[in-house]
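As written, the chains take the letters A, B, C and D, and residue 1 is the first residue of each chain.
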Amino acid sequence: MMPFLLKRIGTGAITLLLASIVVFAMLDVVPGDPARMMLGMNATEDAVQALREQMGLNQPLIMRYMSWLGGFLVGDLGRSYTYSVPVSQLVAERAVVSLPLALLALFLSTAIAIPVGLYSASHRGKAADTIAMGASQLGVAIPNFWFALLLVYVFAIALRLLPAGGFPGWTAGTWPALKALFLPAIALALPQAAILARVTRSALLDVLGEDFVRTARAKGLSRNTVLWRHALRNALIPVFTILGLQFSFLLAGTIIIENVFYLPGLGRLIFQAITQRDLIVVESVVMLLVATVIVVNLLVDLSYAAIDPRLRGT
Amino acid sequence: MSGVKTLLAVGALLLATSSAAMAARTDLVLGVVLEPPHLDPTAGAAAAIDEIVYSNVFEGLTRIDETGTVQPALAESWTISDDEKVYTFKLHGGVKFHDGTTFDAEDVKFSLDRARAENSTNAQKALFSAIENVELVDPATVKVTLKQPQGAFLYNMGWGDAVIVAPESAETNKEKPVGTGPFRFADWARGSSITITRNPEYWGTPVALDKAEFRIIPDPAAATAAVLSGDVQAFPFFPAPEARAQLEADPRFKVTIGTTEGETILSINNKKPPFNNVKVRQAISYAIDRQAVIDGAMFGLGTPIGSHFAPHNPAYVDMTGAYPHDVEKAKALMHEAGLQDGIKVTLKLPPPQYARRGGEIIAAQLRKIGIDCEIVPVEWADWLQQVFKDKNFDLTIVSHTEPNDIDIYSRKDYYFGYDNPNFDKLIEELNITSDEAARKDLYGKAQKILSDDAVVGFLFELARMNVWDANIEGYWVNAPIQANDLTKVRWKQ
Amino acid sequence: MAPQPTIPETQSVMRRARGSKSFMIGLAITAIIAAAAALSFVWTPYDVTQISIGDKLKPPSLEHWFGTDHFGRDILSMIMVGARNSIAVALVAVGIGMGLGVPLGCWAAARGGWLDEALMRLNDVVFAFPALLSAIMITAIFGPGAVNAIIAIGIFNIPVFARVSRAGALALWPREFILAARASGKGKLMITAEHILPNIANLLLVQGTIQFALGILAEASLSYVGLGAQPPMPSWGRMLFEAQTMIAIAPHMAIFPGLAIVMTVLGLNLLGDGLSDLLDPKLRRQK
Amino acid sequence: MSLLEIEKLCLSIHGKTILDRIDLSLNQGEVRALVGESGSGKSMTALAVMQLLPYGAMTTGNIRFDGRDLLHASEDEMCALRGDDIGMVFQEPMTALNPVKTIGEQVAEGIRLHAKVGRAVAEERARHILDRVGLPESRFPLTRYPHQLSGGQRQRVVIAMATALKPRLLIADEPTTALDVVLQAQILDLLRDLVHESRMGLLLISHDLAVVADMADQITILRAGTVVEDGETVRVLSEQLHPYTRQLALASTHVPEIRKPPASTIASANCEKPLLSVTNVVREYPGARIGLFGRAPSTRAVNGVSFSMHERQSIALVGRSGCGKSTLARMILALDKPTSGTIEFEGVNLVGKSEQELRPLRRHMQVVFQDPYGSFDPRQTVARVVAEPLHLLDEKLTVQERRDRVAEALSEVGLSGADLDKYPHEFSGGQRQRISIARALITRPKLIVADEPVSALDVSIRAQILDLLAFLNNRQGVAFLFITHDLSVARAITDRILVMHEGRIVETGDTSSVLDQPTSDEAKDLVHASPSLHRALKRRMQEQG
């Protein structure tokens, strides 16, 4: 267990470091001057220069990288150029929208996909299987923003059941907040659920073809018992792999979905920050998202070890 | 299936009734398109700042009302010396900032000196450039001496960039604005909304609303959805003109179309060949079908203009007839300029719909006279850098939303690259003229020159589509200045 | 996941292909879309650059099968030309991914050791970036446009193909026929060319189809946020963006481009599924 | 009434006939062998009894277990029977256990299901049965996972699972095929004891006559889905009335007819320079990483091996699985590098040479692998496969020359030149092994390393390939190094033998003398564990008088 864990954490750390260089280098070449952006169209050149000085934009690249990275390590993400508040505060404000959204979507997609996959696998070739897999093909093909559009049209505009967007804040109560997150979460979750259901089904079918399933059947276990007690756990590895990969897609998806539903989450923050050239925010949020992906994948790898004793070493 | 429908319908009904208003409300959620970068109007040009704090949180010596006229504000009255160089302002008594500190002449001097200082980050330093000095007469009187007479000085003092701030709070106004206005800043959920609440200690007429939330909805589709679903009860600068017919037909809403100070133009880089040739610029003017642009990009919202002047301004001269849409004439002019084989140019478009959609239409119109536009969409940051600062562009579309800003054509080094000494002379004269009739005459001449030179492609005056809940009254229909003045807004009983 | 070497039985593959429903449906859909795209080079019902404000927002009719947009352009024509754009972007992006990813993956597998480790770390880095986010950043740097969208999408295809080909190659290297080739004195490059590549070709073909479908979706997403192909070139994603605000007054503007995306991706996915079934030797052995 | 009675069992899968009117019966306490070559339908018969046939199978006929009709039993009834009254042991112990569950859980699962007892009781019983199959808890706690056990130990777990509830019928489908001879003997002993202890009926499925001759009371010989002969084991195998039975028996004890020239020529060769000489070769594998800096001690797969061989010689390298023989072979082929020691071929040390420097040597040293399916690139035609080593020749050949050479090599191994443009999958297993040999021959090598060249083949085909190899060795003078765990193969075609155990060579000598009078313990174990049809029959006949 230890060597495997150490190795994974080590590679994760290297990946993070490389990623930080990529992020920083990438953003340094973004055209557009944040200072001018902040002051607007008719600002004088003096004012812009003064602001550049204030924001430390005149320092050499390597210095800015070092101080950014150093700050990052101690949790100081710097100050937003545009909002002039600490980035960490911004991130915290936005994360309470994005994180529940991503988790809700993840929960919804898993809660839909795993049972569907299980059912389909155990009813292979039957009508229900065919319908479920047909629907999942469709689900995979639907772009989430289009789906979001249709959801808004039906549930918010036509039926007026759920808010079309916006977020009242958790202070407004859990229920209104959850209500606001529901449609976005569905829009994010359904296409993901479609993929996950397919993976679950095919992973289960693969496992059901293994020798040990036959052994278990020879013990007198019924088909369903074998599915639950033996096949499911073995099939979890590919399912977890996809879940890990999906998390990255989910994060990317939130950028668009948060824009469709104008949710004040990290995705919209980053989109806004890019257009406003609030580079420090972009850097920090991208880095955080990348770090999240890396950590989630690390967790997925560790969960492999929990599922599969062969990975725990001797 | 029908069972499901019934269920959904019942659910919808329940939700609708539960959210229905019972009595006169005192809260309001307002949609705004842009989130301000911060909330200090004296340290940034972004219209989004003024659209939240102007008149509501911050006040200046004067203020500009719905009709664009200068009204007294913190200065209850003023006198002007005969040489028009010395303005003596009499300040209101008993005014307090939101943090409890008292407002007096010190604050006025501090604000004006700060704005015109060497290291000032005021985006409109030009507003204060005429000021020679500011003197305290007594705590309720301030004397401002100008270097030379300035006709628009009182108007200038009504801008958001000229509001009065307190030295105690000036540095923190960006995050926590402290002014003298009828509303206090309450909360800013970044990316989401900004809330202001009633200031019970306000010196002037108390406001009807207890609380107003500005919800930030940049996306036209989301704005439409938010209005339709009742999430916001007002959207003063509604960004989706295509929804106009639908909203007008809905009795829940009142849709008004107001004017703005936004001259939307097809900017031309006058310094860059072949656009330094007036014939080419005129050809472009002939090629443009303004009405098609207004119909296509703005769904009919907007007034065609023929020069850089707002049609609702008394000094407006209608120049739209100067270049009627005439493709043949445009082609002939291109021929005269030796460009019968056509040219390839870039058309850089900032994010707003008027630019992106208008750009597509104009590109199609210009293609007909042999000008092949490559459309390059740019973010505002890029636009400011590439187009506005570096002047690296051929054509671009932008709305100049500052009021009475025809003087930009006389500014040296402005991004149009226009240089006409005759025009400059007119503007200089305007600056020192305060007689209304004379000013009007000068404005007229200026408009004529711009039209003759076809400096840029004048398209239309941006209209302001306001969508308000039918039960609300007291809001501005026009936008003579960038503001969402909520001082008179109230829910009907 | 180890690639099973398969048997190039062209005839029987054809026969079984005809029997595979998902393959045939996928092929049919893909062929229709590709044909529409190809046709658009020579003919469309209307000129897509022709703006005619008077005809705007017409619902579907005999004249305009899919209706017109807010500039009065024919939506069917725009979808046809848009298909061209979507296919071109996705295809080139997959090409970039394959062209760079496959050699990298094969190299890593053949060379092993620190090089393998280093290449896989680099892969991890690219993988750690949510693709769309980075595509947005890339287009923010280089400006929006079809070419930059291709690059942005293409970059994220590289690690996918590198991983697939590496995994495939790694599974092949210890096999006896590779040992036999090594005993015949063949170098790694030669073995990769003669034995590894042909044997992972199926795997790459199937992955290629999947990435192609993902590329279509990615292009649509990028265009939707305004970072894809620029006007006057129509693109499905931007058509949807334009349709958003008009969904209440002109739902056809949102429905048809959306369906075009769904059908294309669906067709490609079915094709990929069918292919992987057809080319999977495990299934063949059962028959 | 018999315990198991199969009458006129017919089976088809997706319309293809697999079994055709099989009759078979088995009594309580009896061992019945079901013998046949691959594809004869042995395993399908077993699965039909268990009602665990693959998707698309159709059966007719009768299967009665203790009077109950199994073919028409409901799934619930079958679940109740399986694991309780009928146990089954499968061929492949490496995959027959669920990798993510402990052996304790897996053994106890069936007990809990059928005996309806609690977890603790089931575990206690599992502990007991695991102890019985030779996995005492002191050394093999119930919390072990399958991957922590060796193949033989895993097979014991599978047997424990199958016999935990003392079933009345045990079906063992090739239970020892994947194991080496020593383990095979142990597992067979275990099965025999368990069957005797609780008077089970055992249906033993095997392709190996020698194995069943030792174990079975009754024998049924299958061929292509039909029963060829059926009866009492000793009688059937000693009388060999049916020609197919005789063919099988002969093939399994086959010794090629072409014998060597007198040993003197070989002796005289001894004074020549050896063709291959291996000196003090060691191959270490680094231990697993422990913590950040530590590593477990490295393991020595090959530990100080020295030997030499001469031209035209034929040497067997035998040993149990995992003894390091394949690692050694790879190092000789310069596909792997020794940690220390030298390997000289034609007087040149191979160690540390670049691929370019190895070229002339590789031309004279080729390889034949075990798996006739895995040793070809499935995407290449026979012509390309066989021509691959021509790459080693210095002269450039034209396409026609290449084809001629390939055709020539094919005809040498008994295939026709017309097969050039076929793909390997179009050939049978034996033909493929011939192609593999043709590939090795095409550069006219002096040495062919053959890694288990016949162990994946059916007995009759095996005999043909052995003939071919002997021919090549004796008539064409190719030296052979045979890697094998099968002593009968070694005996059939080699002059000398090297017995390897845990990385070392423990005994060397003439093949016949070592196999007849082994001196080292390891060699003795191997020899005694090797099944032999003659020996088994002799023993059984003595027992029966």
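Quick notes on this one:
The criterion applied here is as follows: a residue touches a chain if its C-beta (ideal position, glycine included) is under 8 Å from a C-beta of that chain, and two chains touch if they have at least 3 such contacts.
Keep in mind it's a predicted model, so treat the numbers as computed, not measured.
Set side by side, C-D and A-B show the greater C-beta contact count at A-B. The greatest centre-to-centre distance from subunit A, using averaged C-alpha positions, is reached by D.
Averaged C-alpha coordinates give centres for subunit B and subunit C that are 45 Å from one another. Between the CA-based centres of subunit A and subunit B the separation comes to 39 Å, rounded to the whole angstrom. Centre-to-centre spacing of subunit B and subunit D amounts to 87 Å, using the average Cα coordinate of each chain.
Among the residues of subunit D, none is found touching two or more other chains.
Residues of subunit C in contact with two or more other chains: 140, 244, 247-248. Multi-chain contact residues, meaning those touching two or more other chains, occur in subunit A at positions 31, 149, 152, 157, 259, 274-275.
Chain pairs that touch one another, listed by label: A-B, A-C, A-D, B-C, C-D.
Listing the residues of subunit A that touch subunit B in their complex gives 31-34, 36-44, 46-47, 50-51, 82-85, 90, 93-94, 149, 152, 156-157, 159-161, 163-167, 169, 259-262, 264-265, 268-269, 272, 274-277. Contact residues of subunit B toward subunit C in the complex are 219-221, 224, 228, 240, 242-243, 245-246, 292, 295-296, 299, 351, 356-357, 359-361, 363-365, 367, 375-379, 382. The touching residues of subunit A, counted against subunit C in their complex, run 11, 14-15, 18-19, 22, 26-27, 29-31, 137-138, 140-143, 145-146, 149-150, 152-153, 157, 248-249, 251-253, 255-256, 259, 270-271, 274-275, 282, 286, 289-290, 293-294, 297.
Contact residues on subunit A toward subunit D in their complex (touch as defined above): 2-3, 6-7, 210-212, 214-223, 229-230, 233-234, 307-310, 313-314.
Interface residues of subunit B, counted against subunit A in their complex, comprise 8-9, 11-12, 15-16, 35, 37-38, 44-46, 118-126, 174-175, 189-193, 215-219, 221-222, 225-226, 228-231, 351, 379-382, 384-386, 388-389, 402.
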